[in-house]
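Order as written gives the chain letters A, B, C, D and E; numbering starts at 1 within each chain.
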Amino acid sequence: AGAPEPGSPARSITAYTGATGQLTANFNPYILSSNQPGRGIIYETLMFLNRARADEPLPRLAEEYDWNDDGTAITFRLREGVQWTDGEPFTSADVVFTFELMQEHEALNTSSLPIESVEAAGDAEVTITFSRPAYTDLWTIASDTFIVPEHIWSDVEDPVTFGNAEPVGTGAFALESFSAQSYELTANEEYWDEGKPHLDSIRFVSHSGNQSALSALTAGQIDWASIFIPDIENTYGSRAEGNHYEVTPVYISTLGANLDEGPTSDLAVRQAIYRGIDRDQVNELNYDGLSTPATPGMLMLPREERFLAEELEGVVPTHEPDEARRILQDAGYTEGADGVFVSPDGEPLSIEVKVVTGYTDQIAALDVMRQQLAEVGIDLQPREVSFASFVADRDNGDFELVIDNLYGGVTPFTLYEDFYSSAAAPPIGQPAAKNFARFRSDVVDEALEEVAATEDEEAHAEAYARIQSEIAEQLPYIPILQSMALTQFAGAKVTGFPTADDPYALPMTHSSPDLGIVAANLRPAG
Amino acid sequence: MITDDPESSRSTPPPMRGPAEAERARAESAELDGADPVLPEAERGTPVLTVRGLSVHYETDQRVRAVEDVDLTLHRGEVLGLAGESGCGKSTLAYALNRLLRPPARVVSGSVTFHERDGDIDLLGLSGEELRLFRWKKIAMVFQGAMNALNPVLTVRDQLLDVLAAHEPDMAVPARTARCAELLDLVGVDPARLGSYPHELSGGMRQRVMIAMALALRPDVMVMDEPTTALDVVVQRDILRELSRLREHFGFAVVFITHDLSLLLEISDRIAIMYAGRIVEQASARRLLTAPRHPYTVGLLNSFPSLTGPRREMRGVPGQPPDLAVSIPGCAFAPRCPYRRAPCDEHRPELSRHGQTSTGLTACHAYAEADYGAPVPAALSRGEFRPVETAEEIET
Amino acid sequence: MNYLRRKLLFYLIAVWAAITINFLIPRLMPGSPVDALLGRLQQAGGAVSAEARASLEVMLGHGGQGGLWEQYVGYLGNLLRGDFGISSTYFPTEVSTILGAALPWTLVLVGLCTCLSFALGVTLGMVVGWRRGSRLDHLVPIATFLAAVPYFWLALVLVFLFGSTLRLLPLTGGYEYGTTVGFNWAFIGSALYHALLPAITIVLSSVGGWLLGMRNMMVSTMGEDYVLTAEAKGLRPRRIMITYAARNAVIPSIAGFAISLGFVVSGSIVTEVVFSYPGIGFTLLQAVQNNDYPLMQAVFLVITLTVLGANLLVDLLYAVIDPRTRQAG
Amino acid sequence: MSVLQVKGLVKDFALRTGGRRRLLRAVDELSFELTAGTTVALVGESGSGKSTVARMLAQLVRPSAGTISLDGEPIRTRGRGLRRYREDVQMVFQDPFGSLNPFHTVDHHLRRPLRVHRRAENRADEDRQIERLLERVNLTPAAVVAAKRPHELSGGQRQRVAIARALAPAPRVLLADEPVSMLDVSIRLEILNLIDRLKQEDALAVLYITHDLATARHFSRRIMVMYRGELVESGDADDVILRPRHPYTRLLAAAAPDPNRRLGVDGATVAPPTVPRPGPVEPQVAAVADQASGCRFRARCPAAMAACAARPPLLPVADGHDVRCWLYRDGTDS
Amino acid sequence: MAGVEKRRTASSVDTAAVPVPRGPGRARRPRGGGLLRDVKLRTGLGIVGCFALIGLVGPFLVTDVGAIGNAVLRPPSAEHWLGTTQTGQDVFGQLVTATRGSLIVGLVVGLLATVLSVLVGVVGGYLGGRVDEGLSLVSNVVLVIPSLPLVILITNYLDGAGILTIALIISITSWAASARVLRAQTLSVRTRDYVAAARAMGERTWRVVFVEILPNLLPVIASQFVFAIIFAILTEAGLSFLGLGGIDYLTWGTMLYFAQNAQALTVGAWWWFVPPGLSIALVGVGLSLINFSFDELINPRLRAPGVPRRPRTRRRQA
């Protein structure tokens, strides 16, 4: 597929979103198991908030928005002249319908937007009212809510389980054909963004997993994909003319500690671990050196650099084994005969780390860290469990350490609120939504409240700084590295993708709604 | 070396049965379709198969000399019985006659010649298509267990048809089928049984089917390797009766192999006794019964009581046959022989006619005074067999 | 026919056993699959309605309501209606839809390959056994090796060699992406082309077993009197080899064929994974990786039923091949 | 002095044909007794139920009806009583290749019965007894033989080991089920002579099962002829063979190979009456239902008559000679 | 992995096809010494012995196999005989350690499955009647239910199981074919006169089963034991490859899994991917060779003809 005649610029490309196995004709943008292009390429959002760099919101179906004074209502001015791919015009009724749908169906309102009412003012203006200030929800409202056509969806009986096999959207491409192995999107001739898209079609394919996708990628059968490839420069980058890959920081991998119980409830232990890890070695051995250091302030860098607390500027976790031992000794730990520290209670410092079976990169990383920590007298015991029990144990607090990744949103707020607010930390035994370390801090809670109440970036920065110094001290989630997603483009065939120099959107095939922006910008090479 | 037995080559075979039975058989053979050719009287008694110096060895770790230097002549229309202890090489000889030996068996020397009206065929020289076409057409074979000799997954018809298809490809298909029915009828099996599978037939029926198959091409020679051993006496009797009736009619020669000497004595014209791969005595059935020569034959005749005769004391032949993997310089029977003398251990006795008066051939030093160093023991001439020892010594 | 009736009865029992095992496993195993599943469902696409939860509980056990027996009855009822529940991996697609799409691929690929490999193995085994002692004997160690090589390992090595390095054959998938699925030549040709490598793997790794088994039986059978008789009858060697020796020698292989169908499906799971083949085995793996219990159970059941069905067919065929079974049973 | 008495012994086997269970009567109301120091022969075609009789007597198969008594006492079928019975009644099987366990040595085969029946005080005594047993069956040197496994012995030697094993518990009854039919002709006589000698030495009661009329006549005092599970004729050995009464016995006698008869030599005393060739009916056992009425030989019998539709009783024709045939209704030879 | 499974079923399921070793008059039963002269057996024992030795003592000789190093994905060298993995671990060391894991699975399954099949097959076959009917129904049902999917299903429920648990599950799903063969063999041995003789002599039932019958089934049992080992190693490898293997021991399957996940083949690290697979295949071949010898013991006709070196010109039909 997609192997073009040499010399002729490809007007069609093949992309791989990471879909495995059989594809199902599910383009319901509200169901996460649906096909990725539904969220971003076929259906679009009102605005686009770039998580790759601190851009101004990009108008999409809406041209601009306004908050009311206290942030409890937002008004969108909609773009005019937009058409659904079935020829019906896009109007404010569709937006109202979409938000009312979320209001009505809790299942679709995955971010629990506190929607109170949705009102249209004419064909091109919509106001959404919330029960509390919703500044921090802008990402969800504007950039993560996909507008669906009322004239079709109003007939849908149960939108929660609606498969939507024949999607009608406003996006740059529309579904052309579908099979269990691949589907093809072709350019929307009537797309509102003049001149776009540049490609005729994009085919999305399914593979059994990375191995086979990688084979296809190296064989030139895939032109756009985001899969982890070991030794990417040699395996892909230099493999064929024009092969290009992007390294995008996406999440922070951490060792999540149980603050309520066990050895890790002792701050000294967490600090010792923090200093005992040689992140460069982990990076080299496990991530091909592609990852970047994480900040103890838990921001995604460089995107959120502007919020970085002054005191943390330039601070990255370092490997200080001696310091780690000293911290433990100061805290009353003594070194046992086997070189493992023993707590004042007489417990050897042996810590179990849970990891999902089959997450080989994490398992391998733990292997590396186990040896590093052994040198500072901490006995790390990786234990593989299935995904289901991992999730259950983690959320219920049945662990000492887990290796897990923290994902944030478009601003630092999302990550802080999810993982560090007391409200998200139920007692042990009850499932935590996100804050499984069960970190509770008045400083953080207060700062979060302040951020939520204002749109003022200055104020935000100040509050975030407080949070950062608190969590960098307490280390409920011990940062390992800021991990990268790899995205591959067959540069010989296609250009126009986001690059490190021009990160106009996240390049990954699985990020929504970014893939819609990218798809519309891709153009045949040559 | 004496090559032939003048007695049986000259005379026509003696009648097989008592007068009453013979008459009945004649009446029965009249029932057979008259169109079939019967062996011309003139040809009876002429040799049809000659075996000269045949040796067959199994070339395993130790070479097993299963058949050693065997001379035999089979005449047209006669029944040649081949008897001997289990493992003495009877089957090997039979297979050699039909070129059925497979490795590790190998014919190491000798010749087998088939005599036809228009010339002789060197059987051991045949190969490929020639051999295939020769088989069954000239020499057919009936094996011991008919259950095992019939293919369990083919119907009787298919197996009969196979023979016709292989040898008479020109025959029309309906004619072949008709022929199959005819054949079954001939051996006294209801032609309706053509569609049956072997397992649906009783043992006797299977054996009859085998015989029908053997008859399909009207062979000159039929080799029967223990064809009735597994059968009930009554059934066995039936089959034998059937056989002699057919033989009377078609005139084929029979090599009949069994270790049941009493049976052989009853049905054969001539009998060859084998011991340890060699023929030790060969004579007409009557002579063998009335005046056995070889001590082994004597011992064998002592091994079964007569059904109707007076009770007499009998002993078997104690001891075991020799291991054929070990080459024996002298007489193989010597260790078990009550008449054994020094030369028996040293030289092998030749199979020969001893004296002018005797008929048949015997391989025993006792009849060659010069070799034996003493006249024929009186007890031996009387047909007495007094075992040396009854206890069985088992070598360490 | 009595044989047939007994076989049918046996298969009914086997089907019942499979269904019941399927019902019992989640109930006997520690942990609550329902919770795990609900967790996944939530991850996959939002909240789950109350009925969905109830039906999952019936599917998977650990249901709060009703005794075991009631659950069992409910479960059987669902099965009869073809209701396997909703897949969490493919939420909100019905499990039955997914199975419907996956099954034909496996049936065709695995079914054809199995038959092919059986035919090939048996034929080779026949010839090797027949010509024992000739140069063909060298096939035996090769076959032994092939039979001992892990399926997936061979598959990956082949993919690496033929797909990635030599680029002779397509690497993955069931057909060319662009073709429309249906009865058109483009599709069928492309499907065949794509099936080549998986097929070669399946055949390579399973043919050895057949070959060895058949060869051994052939050697045994050639010692039988009826083969000797056939030779004495002056039949043509081909006829002897096929109708006399092989016809009988193949009988145990056919019995083995029935049973090994199950193993073949097992093997295909791994092959399908390696080749991204859109079949049932890969679906099972997906289900497993995603803790998609309804899908897992349904796939297991479908595989089992298919294998049982094939077994039944082979058993019936067996009766045709071996006349002795028909009578005795 | 009769040791073992059998009265009205019946064995029905359940057959499954076409899904239906049928009963097959393998042995039908058989009565006889075995006396110390004498041999009784049981002859009959294959499948006539001979082995089943022996197996019932050896308590390997449970009789469906009838009584077996040892020394006048009904036998025990379980526990200690069964063991005692087995001490007294021993069996020699047909196939010497099958009756010895290929895995075990001769020593094991002889030692076990001594142990099971506690015939020896200690190991040395056991060894001594084993040696004696082997010597009694003419297998020497005993030590060498004892160390061998069955496959290292010839058929005749194996059969002797089997006999030695049967003798080990010092039984009073020996059931010999076709003990020589699988052996070479030349060895047969030896084994039969051996059994005969042991019988005399130990005053054994021997049941000799065979289909070989000639040896039956020579080695036994009485002969019983079975046909399809029924006793059809029994009497003094010579009497039964030389003057067979029942048409079936005649058929058997006529079928048995006898070289003397053909060649007219050696003065056969009485030529057995010939029976017209019967139809090719194969031996088989009819179901109980089919057997319910009439003489079972009727279909093959040249002398079949109307009366044969009813089952004939055993009719005495001479002293100790009974025949189950309507021909002898009036008690004399007709 | 189906390959071997089929071999088993094809060659040994048909019960009638495998004659129980009996001492037919002149056929000499090979004794220990004779058996060892068999080249196949010797080769097989050699291969398997090597691996067993490695599994037994190897892990003591290699240092911490988890030890990471900065020499990443190096091809074989004097220092790392089989090169290194993606995290600089020594492949040879892992292979040695994994040998133990795989062999443990093989042995445990071999033992358990054999014991199960003997219990079900031999006892059922000997006792007959209802017991036998029940047991053979069970084994027939277990036999037709495809085992790998079942094992996958069960292991997935039992998350994070150790290899012993996995071995247990493999055993439970894999004894049936052997039980069926053993039952048929028992049925045929049961009718042997020596069993009747033992009973007639007064031996107790358990003695008849275990002392008279069982020893004669030993070649069959041994062959099945060997087979179960191959089967288990392959199945375990398959499971591990699917990410469902045991987590407490390194096995060849786990190694393959990691190698596959690190896309060893794609990045050209054949030294990581090839050895575990070859080890499995080698052990499989070794065990198969041993099995062949047992097969030949059970069925003497399979033995190679005595004169393989002779040019065979004539004996064969055209």
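Note that in this section a contact is a pair of C-beta atoms (placed from the backbone, for glycine too) under 8 Å apart; a residue touches a chain by one contact, two chains touch by 3 or more.
Just so we're clear, the structure is a prediction, and the values are computed from it rather than from any experiment.
Student: Which other chains touch chain A while also touching chain C?
Tutor: Output, common partners of chain A and chain C: E.
Student: Quick one: name the chains whose C-beta contact count is the highest of any pair.
Tutor: Summing C-beta contacts for every pairing gives the maximum at C-E.
Student: Between chain D and chain E, what distance separates the C-alpha centroids? Give it in angstrom.
Tutor: Distance between chain centres, rounded to whole Å: 48 Å.
Student: With chain centres defined as C-alpha means, what is the inter-centre distance between chain C and chain E in Å?
Tutor: Here the centre of chain E sits 21 Å away from the centre of chain C.
Student: Between chain B and chain D, tell me the centre distance in angstrom, where each centre is the average of that chain's C-alpha atoms.
Tutor: Using C-alpha averages as centres, the distance is 32 Å.
Student: Could you tell me the distance, in whole angstrom, between the mean C-alpha positions of chain A and chain B?
Tutor: It comes to 93 Å between the two C-alpha centres.
Student: Multi-chain contacts in chain A: which residues touch at least two other chains?
Tutor: Residues 211, 215, 218, 358, 386, 388-389.
Student: Mind pulling the residue numbers of chain C that touch at least two other chains?
Tutor: Those would be 31, 33, 133, 156, 164, 231, 237, 251, 273, 285, 289, 291.
Student: So which stretches of chain B touch two or more other chains?
Tutor: Residue numbers touching two or more other chains: 86, 103, 131-132.
Student: Within the complex, which stretch of chain C touches chain A?
Tutor: Residues 31, 33, 35-36, 39-40, 43-49, 86, 88-93, 97-98, 101-102, 156, 159, 163-164, 167, 171-178, 180-181, 272-278, 282-283, 285-286, 289-291.
Student: Within the complex, which stretch of chain D touches chain B?
Tutor: Residue list for chain D touching chain B: 45-46, 135, 138-141, 144-145, 148, 153-157, 160, 184-191, 193, 211, 213-215, 217-218, 241-242, 251-272, 274, 277-278, 280, 282-284.
Student: Under the definition above, what is the set of chain E residues touching chain C in their complex?
Tutor: Spelled out, the residues of chain E in touch with chain C are 1-14, 16-17, 137, 140-141, 143-150, 152-154, 156-159, 177, 230, 234, 237-238, 241-244, 253, 256, 260, 265-266, 273-274, 276-277, 280-285, 287-289, 292, 295, 299, 301-302, 304-305, 308, 312, 317-318.
Student: Would you mind writing out the residues of chain C in touch with chain E in their complex?
Tutor: Per the stated touch rule, the residues are 10-11, 13-14, 17-18, 21, 25-26, 29-31, 33, 121, 132-133, 141, 144-154, 156-157, 160, 164, 202, 205-210, 212-214, 216-217, 219-220, 223, 231, 237, 240, 251-253, 255-270, 273, 284-285, 288-289, 291, 296-297, 299-300, 303-304, 307-308, 311.
Student: Inside the complex, what are the residues of chain B that reach chain C?
Tutor: Against chain C, chain B makes touches at 95, 98, 100, 103, 131-137, 140-141, 143-145, 148-154, 162-163, 166-167, 197, 199-200, 210, 213.
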